[in-house]
Amino acid sequence: MIKVGIVGGTGYTGVELLRILALHPEVQLTAITSRKEDGVKVADMYPSLRGKVDLAFSAPDKANLTECDVVFFATPHGVAMAQAQELLAAGVKVIDLAADFRLKDVAQFEKWYGIPHTCHDVLAEAVYGLPELNRAAIRNARVIGNPGCYPTTMQIGYAPLLRAGLIEADSLIADCKSGVSGAGRKAEIGILFSEASDTMKAYGVSAHRHTPETVEQLQKLTSEPVSLQFTPHLIPMIRGMHSTLYARLKTDISNEALQQLFEDAYKDEEFIDVMPFGSHPETRSVRASNMLRLALHRPGNGKNVIVLVVQDNLVKGASGQAVQCMNLMFGLPEQTGLQHVPVLP
Amino acid sequence: MIKVGIVGGTGYTGVELLRILALHPEVQLTAITSRKEDGVKVADMYPSLRGKVDLAFSAPDKANLTECDVVFFATPHGVAMAQAQELLAAGVKVIDLAADFRLKDVAQFEKWYGIPHTCHDVLAEAVYGLPELNRAAIRNARVIGNPGCYPTTMQIGYAPLLRAGLIEADSLIADCKSGVSGAGRKAEIGILFSEASDTMKAYGVSAHRHTPETVEQLQKLTSEPVSLQFTPHLIPMIRGMHSTLYARLKTDISNEALQQLFEDAYKDEEFIDVMPFGSHPETRSVRASNMLRLALHRPGNGKNVIVLVVQDNLVKGASGQAVQCMNLMFGLPEQTGLQHVPVLP
Amino acid sequence: MIKVGIVGGTGYTGVELLRILALHPEVQLTAITSRKEDGVKVADMYPSLRGKVDLAFSAPDKANLTECDVVFFATPHGVAMAQAQELLAAGVKVIDLAADFRLKDVAQFEKWYGIPHTCHDVLAEAVYGLPELNRAAIRNARVIGNPGCYPTTMQIGYAPLLRAGLIEADSLIADCKSGVSGAGRKAEIGILFSEASDTMKAYGVSAHRHTPETVEQLQKLTSEPVSLQFTPHLIPMIRGMHSTLYARLKTDISNEALQQLFEDAYKDEEFIDVMPFGSHPETRSVRASNMLRLALHRPGNGKNVIVLVVQDNLVKGASGQAVQCMNLMFGLPEQTGLQHVPVLP
Amino acid sequence: MIKVGIVGGTGYTGVELLRILALHPEVQLTAITSRKEDGVKVADMYPSLRGKVDLAFSAPDKANLTECDVVFFATPHGVAMAQAQELLAAGVKVIDLAADFRLKDVAQFEKWYGIPHTCHDVLAEAVYGLPELNRAAIRNARVIGNPGCYPTTMQIGYAPLLRAGLIEADSLIADCKSGVSGAGRKAEIGILFSEASDTMKAYGVSAHRHTPETVEQLQKLTSEPVSLQFTPHLIPMIRGMHSTLYARLKTDISNEALQQLFEDAYKDEEFIDVMPFGSHPETRSVRASNMLRLALHRPGNGKNVIVLVVQDNLVKGASGQAVQCMNLMFGLPEQTGLQHVPVLP
């Protein structure tokens, strides 16, 4: 059994890790920390876990994280980098669901996250945790920077096109929509029910942290300079992410060949579903599961190719993907503990 | 492996059966019928099942239901009674999620459902499928009338009080609230998104079919005549049911003794969670799971006892309960295939 | 023109006052205070008011509230009582939307609100602002305690029955449901979109502040001792309140006579709509309007009479009712500025 | 008083016309037709109109529409073209909220709407009812083709840029999101609450009727060939539309000049609100009002300009705009009866 610790288990990615790991057949939940909730039973905060998780939160200094095999950080940016070195030294693997180990470019990190990066060595060895594009490295990693939710959809959607050199890399437009849980479990006016339901808006249109992360990764797939317009929107649903990805074809190609390109790219992937050409995936078709579904469109057989991508932002966009990485790191079948059927309706 | 057939798999209880049974370790999905969708793959109608369920719908006459071990009817009222006899004759067990085998009183059935009951023999042997109150009979049943969603909450909530003779049986008030999926997957104006969201209402206040079903069952628990005021409401949420049950105490009793009464009554139940006295259970704490949670209140230590009950109307209120019955009927551990952690948030 | 000041205009009752008063033909918005938002234009905080309200928030000490004709307090409990005396001395009328002037019984106030009442003189002269039951006194009032949202529905629904002596006053059960805006515009986890949507729960079941307020008022209508079980629930909708009121008839009466009783009671009321017997009012039928609609039920012609009451908690349940009081206090037609057609869908 | 008739008043644009016109000071509601609801009082179908609208529906043949001054068609495509000629002959003006008089190109109409156009003469004189771009013609029109909801946002957002020749007209991308009421009040599975809430999807990505309408209008503003990728999405909110419009600048221009261009273009418009550069308008900021708000973005001061546009799809996107046209056609101040403050929260 893999002994698992979770730092910062009170937020949505934390409780989602618990939901998944509680039934993971190879995992023993060993420690979960929260400074504020020290001593509180996890199931008292989240009654959905009554009878499923017996752990109590413990203050970070009391938790014996170094006795775990792997520790997930479901924390604000900056926490994992402060503790990673000690854990690694003790032989504990680290999976950070925040941004500390996502961006290799330290200057970019510091610009976008507004804090100094204090852990360059670990960053240097950290592996970007997107299994479908980076599986081999993840298998051998000691520390994982788990991708952002939006970047996952953009990379999975653009990767086959960029690798094949089919699209103009410098004019990508990603119009993305997220459920409100993506904003986290924070006491903020803007995400109150009465503020965020029956309405929608764009946010961060002029600049958003997920742009540099995505560009850094997409750039690995092509020698042409990548330029990306990423536009996030907040949608009145709890979970779910829908990315509408636009690209311009450089060369003519049949729709059948386009479809084949994606089917080939993801034919062995357990968690990527290439739907029939012209489909319209719904976010609920992946609700509470680690699936990502996508479909291709080519209006008027013209120069625009559109990739529609849906995922559950808390699963494939966060905690499910982190568990997928853990499975790889510990030599388990990748889908272990992740075979939920999406909840519909 | 139990070979399972589903009649009428296009509605919400049907797709919920599929969600549960797709991962049930002892079940082989064998046939699913739909006159209208004959030949259509289930996963084409419900993309959430892509990669999980390979079956296609077949017309009722083509489906070899008699080769199944058990057939679930997720159909409108009146369908199961027309087919049950033939299936039973072929050694197939029957679980009806509609009302055909719920009410023993034929006159009541015909009054409330407006159709003649054409299958008195089967009705006579049918067992009411509420395991927590009727487990022994279910184990030996060939045919099950699966309880209505509202009646499940009312019976679980009132049973300990009635059996103990603590409350006035003739003045029960059950103020119940249901998510919209309880109304089914029917093309009706009243349950359109634009009609049913950001609003609520009561319905069927003067008379509702679930009253006679509930009274018939509650009456088994007490010799005093039961009278129940049941008031259903439609709430803008997909799944979830919240019943607020009022009763007047006949005798004085401490709150501790009240709580103990419920804890004792359900101490061996896998799917009933008696929460601490004075709790306020949320419907999301059971979302997409077979759990039912309840909590007791006694304002001002007065004569009113209030039981708050929540369940997922599609799981414990329908398809999960049906699978729970199936497990009992086939000698499996009752929780087999039903151990989902509720989805929160 | 009536010069109007608003203290604490950043919450939902504040912005709702602004929505109504911006088009009120006899009102000049003169001052609006907020310590935190001093200098910020109201329309910058609430873009819905761009082009409609030009005012900026000013710090309380800078606002010339004494130059107003009337000041509304859309503040937390305790604020109005600290400022009322000074305003009254300056000839300014006061309408408090919080609880400072609702409960005549100071001990009850201090018990339920947990703060000392520091303004007994003003409390003594304050008038309870429910026009349909208290119109004459409101006309002559200098200071109004505007009713709570729940109490408004309970009083309007029970009043005709109690006054006629038709029901057992000591066994009232009010099962009430509120939209989330009733919880205010506060940065609290429990009312986040991801916590409060697609779910529901009861709260404050064992004890709630609106019980003593309602009982104090209902007691004025009958010589029998009133006992009320009030059970509030939180519903995933922005606005709207639905109260399901149960009472037991003491004497036999025809349904026609019951209906007539209510129609007579409210026949001259602009904002009370007695719907046909047996109707099921929806909350959206009054959305964004000052209407309250109700309908009577009598299941099985039995002893229980049920009154279904709906209102918009922010309008008839708060700001609209406050403006209705203002109209009375200034001799205007009661419906001035309050004739909105409900927004449906 | 203008005598107004409404054909097909049972859908959402019909009831929204009623909501607006019930308080319009210059209008007398004279007739409203519905074959199915003949004799039913409008307020019985829509209780929100109780006390506000006294009319009953009448069958089309019984309604004396020719005695009206203007008739609105809130009907499916094809109805207005069958009746327009007779009404015009009787001196009645016609405003069609469907598509019969939107597209001047008959072949395009017949291709996209799948019915023959039987009324070429009226089509020839019909005026496209977007006041901000076509005011003079509307003033003198006898028959109006009221714009589609999506096209309104796209035209208002792109018009200043196209007229100034600042953007590449052949590479417009409009990623648009609509509330569910845009799909109408039809008994269809796909727009049930349980299908359309807590989820989202794109639809009609490969081809949608609003593309040719929008292109036909945009082409009037530039001599360069317009090419538009329009991608609609269905969002779980009742009302509201958010269009995210992308364009590539042909020439360098400062952000200040861009902003000035829009402020100048719409400075006299009562219903267009150009928000500060870099704002993120929310759909709720225009809920239930005829306002359209927009804001400009220019990420990284690069080649992409983004216009965010919000409107209420049922008001500025349909019925409000139709009333705005009526006001112009009858010489009234354009904002008459349309000065609602948006409902927030």
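Labels for the chains are A, B, C and D, by order of writing; each one numbers its residues from 1.
Basically, a residue touches a chain if its C-beta (ideal position, glycine included) is under 8 Å from a C-beta of that chain, and two chains touch if they have at least 3 such contacts.
Keep in mind that this is a model prediction, so the values were computed, not measured.
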Chain located farthest away, centre of chain B as origin (C-alpha): D
Distance from chain B to chain A - Cα centre to Cα centre, in angstrom: 36
Centre-of-Cα separation between chain C and chain B, whole angstrom: 39
Centre-of-Cα separation between chain D and chain B, whole angstrom: 45
Two or more partner chains touched - positions in chain B: 12, 181, 185, 194-195, 197-198, 236, 238-239, 281-282, 284, 287, 345
Contact graph of the chains (line, ring, star, complete, other): complete
Complex contact set, residues of chain B against chain A: 12, 15, 18-19, 22-23, 46-52, 181, 185, 197-198, 238-239, 273, 275, 281-282, 284-289, 291, 293, 314, 339, 341-345
Residue numbers on chain A that touch chain C, as the complex places them: 12, 179-181, 183, 185-189, 191-198, 236, 238
Touching residues on chain A, where the partner in the complex is chain D: 171, 173, 175, 177, 194-195, 197-203, 205-207, 227, 229, 231, 233, 235-240, 242, 244, 246, 248, 278, 280-284, 287, 297-300, 302, 304, 306, 308, 310, 345
